[in-house]
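Before anything else, here is the set of structures, which you'll find just below.
Paired with subunit B in one complex and with subunit C in the other, subunit A is shared by the two complexes that follow.
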Partner chain A sequence: MRAWRWFGRGRLPRSEGPWAWLAAGSVALSLLMLGGLLLLIAGRGLGHFWPAAVVQVEMEDGRVVAGRAVRELPLERGKGRERLYFTGNRDLDGQVWHWLPVDDIAAIERPAELVVLERRRHGEFIGRLIAVGDREAVRDAAPQQAAWTRLQARLAALDQLRAERERLRREGLRPLIRQLDADPDDSGARRALAEANARIYDLQQAMRGEVALLESADGRRLHQPLDEVLRAWRPNAMSPAHKLAAWGGGVWRFLAEGPRDGNSAGGVWPAIFGTVLMVLLMSLLVTPFGVLAAVYLNEVAHQGRWTNLVRIAVRNLAGVPSIVYGVFGLGVFVYGIGGSLDEWFFSDTLPSPTFGTGGLLWASLTLALLTLPVVIVATEEGLARIPVEQREGALALGATRFETLSRVVLPMAVPAMLTGVILAVARAAGEVAPLLLVGVAKLAPQVPVDGEFPFLHLERKFMHLGYHIYDTAFHGSDVQAAMPLVFATALLLVLVVLVLNLTAIFLRHHFRARHGVQPRP
Partner chain B sequence: MTLPSRPLPSSGSIIDFPAEASCFQIEGLGLAYGGKRALRGISLRVPRHRVTAFIGPSGCGKSTLLRALNRLHDLNEEASHEGRILLEGEDIHAPEVAVDELRRRVGMVFQVPNPFPMSIYENVAFGLRLQGGLTRRRMDDIVEWALNAAALWDEVKDRLRASAWSLSGGQQQRLVIARSLAVRPEVLLLDEPASALDPISTLKIEELIRSLKSQLTLVLVTHNMQQAARVSDYTAFLQDGELVEYAPTDTLFTNPSLRRTENYITGRMA
Partner chain C sequence: MIEPAPVSPPSRPLWRRQRDRLATALITAGGIGVIVAVLAIGVFLAMEVLPALLGGALDSARIRMSLTPMAWGTLKAAFWAMAFAIPLALGAAMHSALFMSQRLRSRMKPTLEMMEALPGVVIGFVAGLVLAPWVERHLAGSLALLLVMPLGVLLAAAAWRRLPSAGRRRLSLARAGLWLVPWLALLATLTLVVSPGLETRLFGGDLRGWLDAELDLDYATRNAMIVGLAMGFAVMPSVYALAEDALSGVPGRLGEGAHALGATRWQTLWRVVLPAAAPGIFAAVMIGAGRAVGETMIVLMASGNTALMSLSPFEGMRTMAAGIAVELPEAVPGSEAYRLLLLAALLLFGFTFLVNTLAEVVRSRLRRRYRWLGGSP
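Right, the complex of A and B next:
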């Protein structure tokens, strides 16, 4: 006791000032760390889409490479520094990264004519464009500017052909295939299908043929078929406005397209869609169950030892590791319920499973289970906060207990329920471990919603931003190259959670203005 | 709306009070929460179309007695009672009595104004919607009538759609009274209805109580003896869960028959 008093009175400051500073300091530190993290993610992620300058580096020993400087590290003990260049051209060099000692660099230039091609295979090409034309006829006599103009024209034409092919596939082929599925003997449909296929084949032939004659910085030549080129740009010749436009286009493609090259390039649209859809489904599943459970615990059940025991159990469920929920979901939902569903309703497709494998529904259910305690606890606290006078006021007007609950108590508790949903969404959107077991896929370019009946395909596997981060960062062939995409995806995941939460907060504000518990005058 | 009123004895002992003129007949009522006794052997008759006040020190059981009249004490699972409460001759604890119907007939206003988080109109219409079967126009009429009866109509008629919580405390309390009146109760229980209000609002509530007794029976719990003297016709003094004295207000305050009552109303509590 005496020691404590000595400690308390003698050593700790008694005025308010230092404590206020300590508290404010810890808040500031937390905010600083959060802001720093977001800035790092945003900078590394968004910078990736900027068409950065490419340089041509000549070494003392005569080697020449072209590429983008990525970063610089000191060599051991005073041997100068070493700089990492991204040089592309995987098909020529077998690698896309070059570490060059800074001291051995003889000259660095920024030739305006350096082009960067984004290709469907082998990643980026960095070098010079010599000419564009048929494979046999292509000559290197064409002037630089003419070749560049021609390349752009050809790429635009190819984009149109691709769109045309896509349209044919969507409007010509798929309905016919569905028709034939229903009636395999429909000879008219069979003929139409053959015609459509032939048209697509013609289109594909038209897309082949032309090549670009390219030359790397050290003079090696390469014939690049144009239909494998997605985009071409000359970063050193672009104005800032052009670069900004290209950056916007890059961000848009990242958001709107599917992944390519084993998730190491391309966009993340299916993952965004899968994440949002899964979280929304999860919210739809968890809210009614959580609210009903909270209403039972708080309003219906006899407030005794058993109810308290259940309450403690529910609160403790929130601490169970998420992978445990994943295992539970796999065993009960996927194998148990899903397996039974397959036996009863989809026996014609067995042994290939329909619901008996991971899918959107099971992932949503598993996460709903995971977030159930959060919703129950938040709703219960909201119900307990509603003043007893409100309940008695309704009862004194002749309302039954159910009417009191449904007309007065529950509307007033809506903001608290939404708080629970906000917490649940924040937790569920970032959760990856249980999804590994119950339905997330490395690549599922088909989103689970489309024009085919029943439009929402609950049994399909889906992509998820969190898992996409994990997969891109650790399972790609070139992790270094995919790193910016990891940051961009992480930023996107934060933004998705933010948007989902803002929606719920907006709703909560709306309901609070109408029904909420306000301080009494 | 007027209920048939019977002549009441204007003075004299309350015990002579005829059963036909009483709204509530309480006979030997005892109430306990768990093992704790809150009321013991209370017998009294509440006259119809009069204001009856329950007074007594804090914790004497006056609010408990009031809440027993519309069975709000039922909400407490540990509550148990003995004796009988008759409303117009019927035992309110009889198994065939629906408690929600009883509470519609016996409305209640609480110490803290408790309007629901809805518009002014919806607050008054709340009880009507529970009963259902009213046309829009009929509902409008009753809402207007109730707000008029609660002397609030002129203040809110232009903002019926505004939130009830935008009203002042006194207005809220009158809104709550209007809400109770809208379901046409036979009795209105008031549990210290003015104790959270400023003097002007208190005055308005008191005027309202006096004006309402032509339409229904009022039972008022108050710790303010001046208020009881000002508005009530009959006063019951409770102490330690027992009824000490019950008499016409004038008699009780000017000529109490028991020393305990006199000590309390003159402020000489032991």
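Right, the complex of A and C next:
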């Protein structure tokens, strides 16, 4: 304190002292960390889809590498720096990363003709395009002038063929298979099925015919079947507007496609779908029961010591760790109820469990239980804010208690209930720990909804955004390559949760402003 | 003579009354059912574990062997998280309750509520895969940051006193939470730029090696410090919100009296408001500790999950929550391992439930005291 006075030298106005400033500093520090975290996630998550420039690096020793610079680190014991390049070409090099010492780099160029191909297998290819055509025609062909335009045309045609095949499968094949399942002796359907299969086979043959002759930066050649190529672009030749369009396309594909390559590439559509479906089921369960319990506690039950105890207990359950709910879900829902269901109804498939393992239904139920206290507390708060005069007025006019509740009290409490449900949804969307126990899959082979009876498959496993982050980041084969996608997934999850929370905050604020009443003491 | 008023026919037809009774009965049954279902969690865990525990099916030596490291890890993680969260949360709560303008405060609270809503898996991912390797590479810089941040704030305060009064008004203490942000960001950048040079001069360019040689501290990439930082970040908003409620709930006339006697705002806070709100702050810390003990994903992703029992903040640990998450799906129901993990869950449940109940009781007492102090209507 004395040292502090020295700063002031007495003639300056009285100050609050160092501690007040440290308190202000802790606000600033929290904001800084929050901002930093959000910026990091947003930057890394969105930046991944930008078609970054590809460089060709020539080393002093004559090696040539093409790739994207990722980051730079100082070498051990201060001998200069080294830079990490993403070089792709897993099939040629056996790896996709190259660490190059910065001091040994002779030249860095940005040739416009470098292409990047996104492939179904082996990840990305970075190098040059020599020729496109039939397998025999391009064997050791001389470089074609129009290879790039031909490649684009062929890829567009392939996209059409793929869409056609998908349509055939969806509309021609699956109904026939279902028909045959129902009646195995239907010869007409059998013939139609054979025809459809033949057409799909033809399509596949048509797709398989052509290859691209590629050359890596150091001159090794490679025949790439075109049906394995998903997209191709030349980042160095693209204009900013072009890049922006490509970026938008990348974001869209991330949202709309399924994962590939062991979750390290592709999109997260099944995870979005699974998360939304689970949260929907959960809110269907949690809303009526939560409101019921809140109405009972606040309107029907005798307000005494016991009610208060129950209220405190329910409030405390909101603070019980989510993993404990997961344990409860595993023990009671999965092993208890699910096991019994299996014994009664699905005994023919035992010992492989149907309901006796984690699945959509159990996950939703567990999360509903987890978020029940949130809904109860929020609804109760809303009910308590409604002035007693409203209830008394209704009763004085001759309404019964039920009529007072359903016509006066509950309509006024709707925003509070909505707030509670939104908060519950936000919490459930971000909660992963219980799901580790009661049912998510690394890669769900089918989404839990399809055209087969009963359309919604409650026993199936599903994908979840939060679990996707955990799994890809910690159990993936190449975490480094999957990182950008994990960031993008994290950004998506954070956005969903934040938007939901903002809505809840807004609703609560609006509600308080409208009634402007004090809570009952 | 006045005629007696004619007896009015029953204003509520029978079916209305019956419907009312039926609805009330249904609500009662449903409400009680839901509450029982929610409370069943504790009952289930106790029923699964206690018979085995009391009947001797669980060997006490086995329990000690497998649960002690996890309990140790849990406490260690919670300790470091709280060591990080408490100063930050309480400082922020004090500042926003007593120094900020009403307008700024009403913006500040939702912002920090957002922070609370960030999913644990995202924080854990950033802590485990981005922060941990980064801190390992910039160990000296990161440790220096811990020192530079408070000093930087004090430096800013000293500089502030030299400003002309117009500048002092613009950059007032009430808004210091905002204008200190760019200053701290600048300082952090400077620290990180300067620290490699300092590291070379002081520790021979290798702080990790120096720690190992001089202090015998082993540095693991994912360690208690990282977990403390990440979990402190996750726990801090809820501690802040509760402590802020307690501080701003103190009746205004107490503070006004102190001001009238010539106390500065900080003196008022420290001598008058803080003692009055102390139970509420205690409750806030307890609830924060309860959350830190049970947090799963952050620990799972940022702690390295090694069942070590060491005091060092630079080594990893395994907590009960993470242990349950990793091992329970593989444990055969009814086996000893299964029951042990359920016992861990019961311990977690019991601990958090007790802590939260304690906090809740303290808070409700405090509210009564405020009403009494404030002479509430």
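The rule is simple: the second predicted complex is superposed on the first by the 433 of 521 C-alpha atoms of A that agree within 3 Å, B and C clash if a C-alpha of one lies under 4 Å from a C-alpha of the other, contacts with A are read in each partner's own complex, and residues count from 1 in each chain.
Quick note on the criterion: contacts are C-beta pairs under 8 Å (C-beta built on N, C-alpha and C of every residue); 3 or more make two chains touch, one makes a residue touch a chain.
Model, not experiment: these values are computed from the prediction.
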item: Subunit B versus subunit C as contact partner of A:H302, first or second or both or neither; value: first
item: Partner chain(s) touched by A:A396 [first = subunit B, second = subunit C, both, neither]; value: first
item: Partner chain in contact with A:P387 - subunit B first, subunit C second, else both or neither; value: first
item: Touched subunit A residues, subunit B compared with subunit C; value: C
item: Partner chain(s) touched by A:P111 [first = subunit B, second = subunit C, both, neither]; value: neither
item: Touched partner set for A:P101, first subunit B, second subunit C, both or neither; value: neither
item: Which of subunit B and subunit C A:G172 touches, first, second, both or neither; value: neither
item: Which of subunit B and subunit C A:A24 touches, first, second, both or neither; value: second
item: Where subunit A meets both subunit C and subunit B, residue numbers; value: 398, 400, 403, 521
item: Subunit A contact footprint on subunit B (complex, rising order); value: 70, 72, 75, 77, 100-101, 103-104, 107-108, 110, 112, 114-118, 126-127, 130-131, 165, 168-169, 176, 179-180, 183, 189
item: Complex interface listing, subunit A residues touching subunit B; value: 302, 387, 389-390, 392-400, 403, 407-408, 411-412, 514-518, 520-521
item: Contact set on subunit C toward subunit A in their complex; value: 11-12, 16-17, 19-20, 23-24, 27-28, 30-32, 34-35, 37-41, 44-45, 48, 87-92, 94-96, 99, 108, 110-115, 117-126, 128-130, 137, 149-150, 152-154, 156-158, 161, 173, 176-178, 180-181, 183-185, 188, 196, 200, 205, 233, 236, 240, 264-266, 269-270, 287, 290-291, 293-297, 300-301, 321, 324-325, 328-329, 333, 341-342, 345, 348-349, 352-353, 355-357, 360-361, 364, 371, 376
item: Interface residues, subunit A side, partner subunit C - complex; value: 7-8, 12, 14-35, 37, 40-41, 73-74, 77-78, 289-290, 292-293, 295-297, 299-301, 310, 312-317, 319-328, 330-332, 335, 358, 369, 372-373, 376, 398, 400-403, 405, 426-427, 429-433, 436-437, 466-467, 469-470, 473-474, 479, 483, 486, 490, 493-494, 497-498, 501-502, 505, 521
